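Right after this note come the structures.
Shared between the two complexes below is subunit A, which pairs with subunit B and subunit C, respectively.
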Partner chain A sequence: MNRLALPYLLILPSFVLAAAIILWPVGEIVTLAVHDVNRFGMLRGFIGFDNFRELFADPDFFAALWRTLVWTAAVVLGTLVVSTPIALILNEDFYGRSLARVLIMLPWAISLTMTAIVWRWALNGESGMLNSGLRGLGLMNENIQWLAQASTAFPMQILIGILVSIPFTVTIFLGGLSSVPEDLYDAAAIEGAGRWTQFRLITLPLLRPFINIAFVLNTIYVFNSFPIIWATTQGGPANSTDILVTYLYKLGFRLGKLGEASAVSLIMFAILLVFTLIYVRLTMREEAA
Partner chain B sequence: MINRRKFIRSLIFWALLAPVIVVILFPYAVMTITALKSATEVHDPNWWPSEWRWQNFPEMWETSGFAPALLNSLYVSGLTTLLTLVVSIPAAYALSRFRFFGRGAFRQFLLVSQMLSPIVLVIGLFRLVASLGLIDNLNILMWVYVAFNIAFCVWMLQSYFSTIPRDLEEAAWMEGAGRARTLIVVFLPLAVPAIVVTAIFTFINAWNEFVIALTMLRREENYTLPIRVFSLVAGRYTVDWNYVMAAAFLASVPVAIIFAWLQRYLVRGLALGAVK
Partner chain C sequence: MTKFARALLFASAGLLALGNAAEAGTVRVTIAEYSKGTGPYFEAAAKAFEAANPGTKIQIEVVPWDNLQQKLTTDISAGANSDLSIIGTRWLLDYVRQGVVAPLDSYVTPEFKGRFIETFLTPSVLDGKVYGLPIAASARAVYYNKDVFAKAGYDTLPATWAEFKTAAEKIKASGSGVFPFGLQGKEIETDVYYYYGLWSEGGEIIKDGKSGLDSPAAIEAAKLYKSFIDGGLTQPGVTSYNREDVQNLFKQGKVATVITAPFLSGQIKKEAPNLNYGVAAIPAGPSGDHGTYGVTDSIVLFANSKVKDEAWKFLDFLFTTDQRVAFDKVEGFLPVNAEEAKNPLFADNADLKVFASLLPKARFAPVIPGWEDIAQTTSNAIQKIYLGQGEIEPTLKEAAAKVNATLSKN
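Then we have the complex of A and B:
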């Protein structure tokens, strides 16, 4: 009896804690989403899908949804494109490699909030150091108000997003590269394969599961990323850099529309669930292989 | 002896990495330089200050409430790390050493809880905490962090634990050591590297967390560091950027140094954990 109960006793504390603090809010959000809720959180009656209808009538919601997709796609793809060559280089033997590794991993050590606050200052229109730096280098003549309009603010936020995602992605790739057996390359070299052919026929296929995992995990992280946009523009000016998470936060805590905000949460769950299912399938396929 | 081919290769590689490294170092440069500028020079469109103003740091320390925020962050992150390990290690051990009914379901539960980030749940979390009457309480913040770190920790630890050969434990049983004794004398010492890596990740997660702290903390004396620094910037008409950058510097550079030092182990650990 004791023997049988042991594993359950071992997982019990973690399960109870995570379930209480994660599943309970989920239930709460589902309840709020289908009720008429006042701004103090009092339920005023079941209204079915009215909160969703309200949401779908709001052009800001669709703008934020669309921007979230652009944000996620741009950051994730940008990160993969930049990280692949970085990982390949860091996997080679060269002078100063450990220093290069530390430098590339550096953004990881600083909180997103601090990074975003520093960038907010660096991008300041009047006295920001990006403007003065670029002017000093003779690259431009007039100050750009980087964060004053979405057309410059949003690309900058994407750039910051890519920068902070590189360390994690490079790490996954380096793990993958270290699992490629060296003698495969030797064999290929004997067969007369050049470096590009080696990359295409050996490295890339063996790296594929790692690229897949980095892709899905980054997608989940970036989709949920709040501090970069909140600490640089708070979704402004005029909601023009809002993504779903900042839209949700404003809806819930500034406008007090808790029902609609919960509906946004549920829509995000649905999207995240799809990502997670993809992740599960990818890892399972890898385990099977 | 410098190897000529390797030297040329190194030059090419550094040249290729240079653009990324410049962009990565740029915010550090901005932060450090601004932290050492005088209040008037901050708004001059020059890169370099005419003099390095080290007093910014003690002045910022006095005026910005940095010290209490630092203590709050240390308290919350330290306890979060400890408690997360205390609940995660047994769970990870169970997953790696027992086959039991519901094991698959528990793993799926972890995966789902990993997927649900705090920001998506923020409204429900706020209501949970408010209904307990614990808004503005650092301890409930800590419990929320523990809950959200469990999945990652169990996952990481479990994948390490599975690489520790069972033979050693079985040998200890043969010798007559009980399960608990084997665990403490044989298993846990072997698992120390994994536990350290996981602990550091949890600590950094808690140290950097933003949304939950922003939502749950009200009074300034309860602020953690990210909220403290953010509050120096957000919703203010004038921002003392030199102090803000000094605060950001103090809040991040010590962590960055520790991280750079431990980076090698962390990287190896994460790569292993993510794929296994």
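Then we have the complex of A and C:
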């Protein structure tokens, strides 16, 4: 066996599998995107880039695109910022740590859609738990209609997004923290480094690869996340909380414009691809350096 | 490798054969889940039918309403659709144009046609051909809280919007904390809730092939609803309430009125038996116009079905009087069958009588392609107005232009 061909041969099975799962559907979507397609996916003739042109003429598309970026950035960064201290605390040895870990992980066991629906009820203006809780604490007198307008609904959706991303991120961080050798801290303590300095100079650099992983995976999940926004507002009122996935869903399954919906999903695919490439580039350069 | 490929081929051929065996004499029926009772009713009907027609099997698939359109779309594009399915009659035109559903005329006898109340069969007839049968029918009326109105000095719901608004102000002034007008502003049928006002003002959704959204009636209707919102006469934050949410507020006694379909009566009986409510026509506009929304869902036969005769037999069975009574009793829909309407269950029901009396003035969703598109444009515009994010006239004019573009495209 040729030594040069062997590695390729060995990765061939997984490549074929990946191709069947990824490349074939992408090919199908490309076909749909450049054709005039009826509601039931039947092709009615090649139209080139008309579907894209139609999209770019729609202000709602650009609004959804921009909102998707805000949504992804806010949820991912928010999750990283909140998860780091939680992971640090859970990494400490204290009484009841196992219980605390279970409690933090528990939301992970509940389906995203169910969490989102529970939040929809909690955010209900007249009978929601959040309003009655805030009133009970004496923090406000008037009910807030959380989901009635984007200015309150969208921040709440971001908060829910952060909340449901925490368990996964904390798990990754805990794995990372357990690989940091204890004696580094002992040595640093002897040298007179305080806790903040220890965190900044030891924990953070050693945690870096795990933060990177959490960052990339969360970005992909959140960018494509449908249930939270759909269950709470369906992208409304008046498309003001739409992100690309909810926009795509309405376009495809409500309005029956499968061609345009395919075009949207290609654009989303391209955005994620570019993002992943940049990320791979960055990490490779880092490793080389 | 070749051995494996052959094994795979065999396996798939076996699967195909299995699939075919199950298909022979089996009629697959996709059912929209209207309530918890829908599935059990159809299962029971299928059993009764199978007992009377040995050799034919009925396979019922129950799908939640919200997912029905999506499921049918994917099933049809994959060629894996059932033989019969319930669809919203407003989708029918799209389905007929794409050649997906089969006309039923070769099966429909004059006797069969005669079973129906004509108002309900008409929406399923396109170009003179029957493409669907009205499996479910409803209309809309106002449910009002009698106790709340009595406290404000009214025995019944006022008959015009002007009087209703006066009553609403009195209810608000009484300080009971009940919001007089339950207004839906979210999700499916947000547009329809606005059309009630539009029709009262004498407007039409579509007139002479053009959108009626920029007509004076449409503007008046929007102003009317907005004045309710601004006057604090609706529940706050209307754009966060879908129809179920408003119905729930009504059951809890938090809003004094809600415009909805007959099935609310059954829900109230179960969930809020002490609520003292009445049902009345939607208030009329200044010139006495008032409209209600008539809705039917059709059961259709797909063109690619291989068991059309068996499927028709099942349809024939479903539309016998006994079956219709059983179904409408479970769901609280209006009778579509003339014989059925005489059943004391419906004839002596005070709530249903009100609904039935409104039918002559009922408007059905116009038979135009792209109806969902128009509904979404209208809902978006009306939400902007409710939120105060758009001036009424320009917002409606813009929406009308968009609707006209949709209409001319198809």
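Everything below uses one rule, namely that the second predicted complex is superposed on the first by the 252 of 289 C-alpha atoms of A that agree within 3 Å, B and C clash if a C-alpha of one lies under 4 Å from a C-alpha of the other, contacts with A are read in each partner's own complex, and residues count from 1 in each chain.
One rule holds for everything that comes next: contacts are C-beta pairs under 8 Å (C-beta built on N, C-alpha and C of every residue); 3 or more make two chains touch, one makes a residue touch a chain.
If you're wondering where the values come from, they're calculated on a predicted model, not measured in any experiment.
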When the two structures are superposed on subunit A, do subunit B and subunit C clash or fit side by side? clash
Which of subunit B and subunit C A:M268 touches, first, second, both or neither: first
Could you say whether A:S127 touches subunit B, subunit C, both of them, or neither, answering first, second, both or neither? both
Partner chain in contact with A:W24 - subunit B first, subunit C second, else both or neither: first
Give one of first, second, both or neither to describe whether A:Q234 is in contact with subunit B, with subunit C, with both, or with none. both
Looking at the overlay, what does A:G161 touch: subunit B (first), subunit C (second), both, or neither? neither
May I ask you to decide whether A:R254 touches subunit B, subunit C, both, or neither, giving the answer as first, second, both or neither? second
Pick one for A:P209: touches subunit B only (first), subunit C only (second), both, or neither. first
In the overlaid three-chain picture, which partner chain does A:M42 touch, first (subunit B) or second (subunit C), both, or neither? second
Residues on subunit A lying within both footprints (that of subunit B and that of subunit C): 41, 124, 126-127, 143, 234, 253, 258
Residues of subunit C defined as touching subunit A within the complex: 69-70, 73-74, 76-78, 94, 98, 100, 185-187, 235-241, 245, 248-249, 252, 254, 370, 372-373, 376, 379-381, 383-384, 386-387, 389
Note which residues of subunit A are touching subunit B in the complex, please. 4, 6-11, 13-15, 17-22, 24-29, 32, 41, 82, 85-86, 89, 92-96, 98, 100-115, 117-122, 124, 126-127, 129-133, 135-136, 143, 159, 163, 166, 168, 171-172, 174-176, 178, 209-210, 213, 217, 220, 224, 226-227, 230-231, 234, 245, 248-249, 252-253, 258, 261-262, 265, 268-269, 272-273, 275-276, 279-280, 286
Which bits of subunit A are touching subunit C when the two form their complex? 38-42, 123-127, 143, 145-149, 153, 233-234, 236-239, 250, 253-256, 258
Which subunit B residues qualify as touching subunit A in the complex? 6-7, 9-10, 13-14, 16-17, 20-21, 23-31, 33-34, 42-47, 86-88, 90-91, 93-95, 98, 100, 102-103, 106, 109-113, 115-117, 119-128, 130, 143-144, 146-148, 150-151, 154, 204, 207-208, 210-211, 215, 226, 229-230, 233-234, 241, 244-245, 248, 251-252, 255-256, 258-260, 263-264, 267-268, 270-272, 274-275
